[in-house]
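Below you'll find the structure I mean.
Which chain is which? They are A, B, C and D, in the order written, and residues in each are numbered from 1.
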Amino acid sequence: MVSDRTWRNLAVELRRSHLAKLGLVLVAFILFVAIFAPVLAPHDPEQTDPGEANLPPLGFSETKTETTSEMVDGEVQIVEEEVQIDATSEHPLGTDYVGRDVLSRVLFGARTSIIVGIVGTALAALFGVTVGLISGYYGGRLDDGLMRAADIMLAFPSLVLAIALVGLWGRQTKKYDDPFQTWGLTPDMPEHVVVPITVILVVALVNWVWFARVARGEALSVRNEEYIKAARATGKRDLELRFAHVKGIPIPYPGGIITEHVLPNSLTPILVLATIQVAAVILLESALSFLGFSGANLSWGLDISQGRDYLSSAWWISTVPGIAIVLAVVGINLVGDWLRDALDPGIDQGEGGV
Amino acid sequence: MTDPLVEVRDLEKHFYERNTAVDRLLGDDPVSIRAVDGVSFDIHAGETLGLVGESGCGKSTTGETLLRLQEPTGGSIRFDGDDVIDLEGEELRSFRRDAQIVFQDPFSSLDPRRTVGGTVRDPLDVHNVGTRESRQERVRDLLERVGLSADQYDRYPHEFSGGQRQRIGIARALALEPEFVVLDEPTSALDVSVQAQILNLLSDLQDEFDLTYLLISHDLSVIRHICDRVAVMYLGEFVEVGPAEEIFDDPQHPYTQALLESVPRASTDEREREVETLSGDVPSPRRPPSGCRFRTRCPVVIPPSDLTVEQEEYRAIMDVRDRIEDRDLDLTSVWEAVADGPPSPVRSRVRRLVGGGPATEDASRGDSDPYRKEHADAFVAELEDRLLEDSLSPPHDQRLRESFRRLVDGDWEGAAEHLREEYESVCEVVSPALQQDDEHPVACHHSEQPRSVQETVRDAGKTTPSGQRGAGDGPD
Amino acid sequence: MSRDLLRVRDLTTRFFTQEGQVNAVERVSFDVREGEVLGIVGESGSGKSVTALSMVDLVEDPGRIVEGEIHYRNAELAEAAREDTPEAVDGEFVDVRKLPPRHRRALRGPNFATIFQDPASSLNPSLPVGEQIAEAVEVQRRARANPRSTRSRTQSYGLGKFLLGGALPGKGYLTEESKARAVELLDLVGIPDPAERAEALPHEYSGGMLQRAMIAQALAGEPDVLIADEPTTALDVTIQAQILDILRDLQAETGMTILLITHNLGVIARMCDRVGVMYAGEIVERGTLADVFDDPIHPYTRGLLGSIPDVGSAGGRLEPIEGNVPSLLDHEMDDRCYFADRCPKAMEECLEKPPEFDGPGTDEHAAICYLADHEYDPGQALPEDYFEDGAGGETGSTGQAEGVTADD
Amino acid sequence: MSLGRFLVRRTLQGLLVVWGVITVVFFLRLLSPGDPVTFIAPLDASPELKERIAEDLGLNEPIYVQYVEYLGGLLQGDMGYSYQRGLSARSVIWARVPATVELAVAASVVAMVLSIPLGVVAATRRHGPADYGATLFSLVGISTPNFWLGIMLILVMSVQFDLFPTSQRQVGFLESWAHLVRVDFGDPSISFPLRVGSFADSLLTWLQHITLPAITLGTYFTALITRLTRSGMLDELGKEYVTAARAKGLPETLVRYRHALRNTLIPIITVLGLQLGTLIGGAVITEEVFAWPGLGSLLIDAINARDWPLIQASLIVIGVSFVVINIAVDAVYGYLNPQVGYE
């Protein structure tokens, strides 16, 4: 399916642009971290240790004046002492206000973001592309109707609709046991991976419109190509149920012109949009968890939100997860640019919405 | 004569614009484009019929409608005796096995995402002919037969030149061993030298598999080289059909003559050859001219018998009449030119914005009457200068000025009527038609017309040169 | 014989694409006489359009004019250039390539004008046609208004003027005279009712009318040379005839020199005094129309003439030129006659590059081919499948090199 | 087809979408678990209050009757009643709208002024420092979550350098006017102590307050438009009519601005319309970070308090205003692109 020319174009573009190389490195790093978080994390992200609260990251040890009030022979006196707080290598990126290790929380936060990003986008793509291809290929009233529905969805900014839906459905989550845990590799790490189901559904429901618009645009232009007319001239149906016999078991799959000709030739812009959408979804997920609408316990947005009240005293609690988000999203966007420049420089710039 | 393989009677294909839900709400009635407006022809087995005409004349639409790639809006198509129009499902698919098509653009007729072998094997898969191995074998033979090599089976289209891609398109068309193939401008996108390779291949294949071709092209020299019979098309209708030698050596219809004359010959004496080029452009298929559709560009349009006028002048008068009939004149800009010299930018920009299209609302009626009376002569002079290259000889110049005078008060109908009485031609009233089962029918009043057309001419109180001097001696 | 107006020597333009270096134009030399129509004929991939663009310095990235001189006879220009770029001047001729870029740009319009193949994409879709022609007139008026030396780079039209121009109609770049002149030009090329049509947008014009508008725009600067790159290829045959007539009448009236570039041999026969045949980036044969059409020397020219179906007679079988156009990729072109792999008369000696034209100035009929000076010797012929396995084999050469854009 | 007809068509389509928005919002409620009354009534509502609400909103009647009633109410401007706040939804929203409008307009002005020239410079000086700078800025710009950007701005600007007040929008631009003309803004939940002082003084305070939120909200938008302008310009500059314009001898600046830039702006405007959703979405978060008393923070509070009538009203206002703005954007598109209606 993917011709050698596509690989060659990708390689040529990769050699040419440094930004593409940076993008690939960042994305590879983020994925690696997300998968092996339990192995990499020095501490259990949820284990609190009040004694070690608000430790600064390495290199930022500071002296602080602490004011404590004490009962000294009957009166209340304000005592100011110089306290030296040193960063420890135990917690390279410091600890939060209840002593949880910031580095571990960031590593596990990557996991939530990547899961929501990929699964959410995949669902949105599945639904959006199907609607878009059908609407673009057949056109006419069906197309009008579907596109008006898309316009209505677009009338609500993604975040606004997301909040409203979460408000309606509540912050349901689902627990899956952590593979590393079941293999007994990481005993002291949390057993379950908490996946915010509502957020994934909401994200998919909100972003399918971008996929529908791109798929429709592609289907409209591909529909007039002569190889489509040629396929119809041979009597090929638009859509028909086919069975692939895998080891004797007939597996039904949709055959016909739409899936065999229109879809493959619309893949490139959809692929590019998918990468941009994963980035957009990560921003949306972190926004939702920042506003407290996510339900996931280990999420970058949540950490930033919790760090808000300690800005003056422990600035790193909010700053570090933010940097993680930026790195992840920049990396994914760079990969998106690389795909677009290599595969189909002509794609228009309709960025996915946050 | 055995009965023909393909029989087409009054085939029509109209497209509709502006008929979405919102348009209907706005009360816009859908605009119909009559791309193919009642064409009839036969193609006999083993024959190659050429369909020639300029872009926008509807030849490709005819080809595609013939194969039901587009749904016809009228007429009948019979293939090998049975009716094609109401074929559905399995019957339609089996019809497709016998009738195939080769397209024009080598870069758009092959799916870039599929291997060459896959593309040629596709028709065999759709009709699951034989086993998987026998299909691959057949595809390898086909690739060899069209001049490529079997081991290019797994290559992708971008690795081939234009000429090679057309060969792949031909191999695909022959996969199901069809009897009839529509060739839709097969060589227009190719260079001359490569085109020759493909044309030779097509004629070899025709002899080897005794195929019947419908060749669609705008290139007259390609048509002459391959076709046995030729149909010339203009704005959705056939104007002339006949054997290739007669059409090329002794063309009857003025359009065919102009077409042949305009083709530059690749020979040294071409510079001195006198060519009488056609004037104007092809009219829009949304509002085709009344009667004979070629009358707006025809160099030999027939004046009324009682009128003595040079063809040159008559053509100029007819051009002016067409514009008045279609109200295709922007009187406001004429008034502006008359009133204060060149039109001021602001006013024209505002007018274009508010949608003051040339023919719709007419601002001149707004000016007060005495103003217009006083400027009437200047208005008529300006209009005359704009519309006529050089002034007409009397009495025609006077008659036209009277008609322009009516335009002073925006009386379009009066101006049109005034000229219609004097200059109305049979060509604009009665549509000529092709004589059924005639070897070389011509849809032009200069030639012999079928009985029904002659009667309509008589009823309209008109006469045609052929009517007086009998058939076939062509225009003087 | 009229004097030379243009002398092009060893013009070489290359495209530096990702797939490698594409030698689109390879040491092309030719002369253009004053008042004549010189035809350059060649198929797609021959480099004829790149030659045209190189003449007016419009070769864009990744293409670059690597070397070459374009001597243009213009006494006034020679005078002006003598102070700051003396090396460019040679008598009345000025080598345009040696002028600073700004002066070269200033030649477009008053000295060289260009019309392109597809008129619909050569005009700005959102500006009325009259306005775009008036622009061409305005550029010349402002250029003539201030002497060459103090010509301001932007002709006092920067971003500020653009914003202002958009808002207040009066302030824009165009003046009333230039708009009136535009209407006159439209009338000159036979567009009916020019005053009203000037305000219409390009998509309200038919193909033929648009090409007339392009010709009108080219006439705005009364150029010495009109470069027409495939002017009628996108038009129907009856409209093509109209456009060719306009070009012939204009040429007769103004004595303008035309460099006509096309793949259509019929158009060449109808318009040109002398012809240059291009193949794979080189001029392989040149001479008067009669020489080249009646007794062509180069096998490629003969092949071309042989493969056209003639509308005059229902000829028998065509003799096509086998194989495909070479990809012009530097690493795939070995140093031999580029046509050898397709040439029915290929000989041993053809494996070395045949000699260049001797003195390009002369007028006689010549071709880059050994057959020019001696007969074909079958004994020396190359075996039939010599190029089959070699680099030039039919399957070997990949399709059109992606990088090359404007040469076909 | 003239501009007038094009606008009528777009308005009709817009009305269709507005009706769609209202319908979707109304039926959204059905997606929620549990029976409607407990859902709408405030958490601590007494049974009688629940009964009154059920009877008042006609919750017992079939759904389509409720829908028709709701539509009828909407047309007369009755957008539902917030039981929790004891105020009509309309007055609560109306008081919050100016703050959001101010923020959105400030952010768009920041975006437009910065991004168009930045995009043009980046496109015309390819591979130069400007191009790399603009590309990097715009890349980071669209990859930065705006709530984190807001917090970082607060951290740097207010906590460290104490340049800007951290939160609590003291005086709005409109209020500073109101200060002069004594207009009262109903909703008690907005605290705005009107300090006596000159207009310039209140204007300065307003500027102080709006700078950080405007930058936070505007950054994503600026980055986006810069990227669009840059790639749009590059696209246009590659087209044949640019080569033809140069062949006419036009100076490069004329080619760039009168031809390429003008044709670049036309598609950008339509994308702007679509991206307005992003702006309003971003406003919701920025208002939360800066405690800006706008429609966004109102919506979040309403959702947290499960005040459904208020949620419903806010969604409708946001959705409808989005559609109206889009029609206005289309009008500008129609004016700029004379080809409109023919495509």
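Following the convention adopted for this analysis, a contact is a pair of C-beta atoms (placed from the backbone, for glycine too) under 8 Å apart; a residue touches a chain by one contact, two chains touch by 3 or more.
All of these numbers come straight from a predicted model, not from anything done at the bench.
Minimum number of contact steps separating chain C from chain D: 1.
The interface holding more C-beta pairs in contact, when A-D is weighed against A-B, is A-D.
Our note on geometry: chain A versus chain D, Cα centroid distance of 24 Å, whole angstroms. Computed from the mean C-alpha positions, the centre of chain B lies at a distance of 52 Å from the centre of chain D. The mean-CA centres of chain A and chain B are about 55 angstrom from one another, to the nearest whole unit.
Residue positions of chain C touching 2 or more other chains: there are none. The set of chain D residues touching two or more other chains comprises 13, 338. Across the assembly, chain B contributes 158, 352 as residues in contact with two or more other chains. Those residues of chain C that touch chain D in the complex are listed here as 53, 56, 58, 60, 105-110, 113-114, 116, 118, 121-128, 135-136, 139-140, 143, 153-155, 157-159, 162, 165-166, 173, 201, 203, 214, 217, 220-221.
Residues 13, 16-17, 20-21, 24, 28-29, 31-33, 135, 139-140, 142-145, 147-148, 151-152, 154-155, 159, 220, 224, 227-228, 231-232, 267, 271, 274-275, 277-282, 284-285, 288, 296, 299-300, 303-304, 306, 311, 315, 318-320, 322-323 of chain D touch chain A in their complex.
Interface of chain B with chain A (complex): residues 20-21, 64, 67, 69, 92-93, 96-97, 100-101, 103-105, 108-114, 119, 122-123, 126-127, 156, 158, 169, 172, 175-176. Looking at the complex, you find that chain A touches chain B at residues 1, 3-5, 141, 144, 225-227, 229-236, 261, 264-265.
Of all residues in chain A, those touching chain D in their complex are 19, 148-149, 151-152, 154-160, 163-170, 279, 283, 286-287, 290-293, 301, 304, 307-308, 311-312, 315, 318-319, 321-322, 325-326, 329-330, 333-334, 337, 348-351, 353-354.
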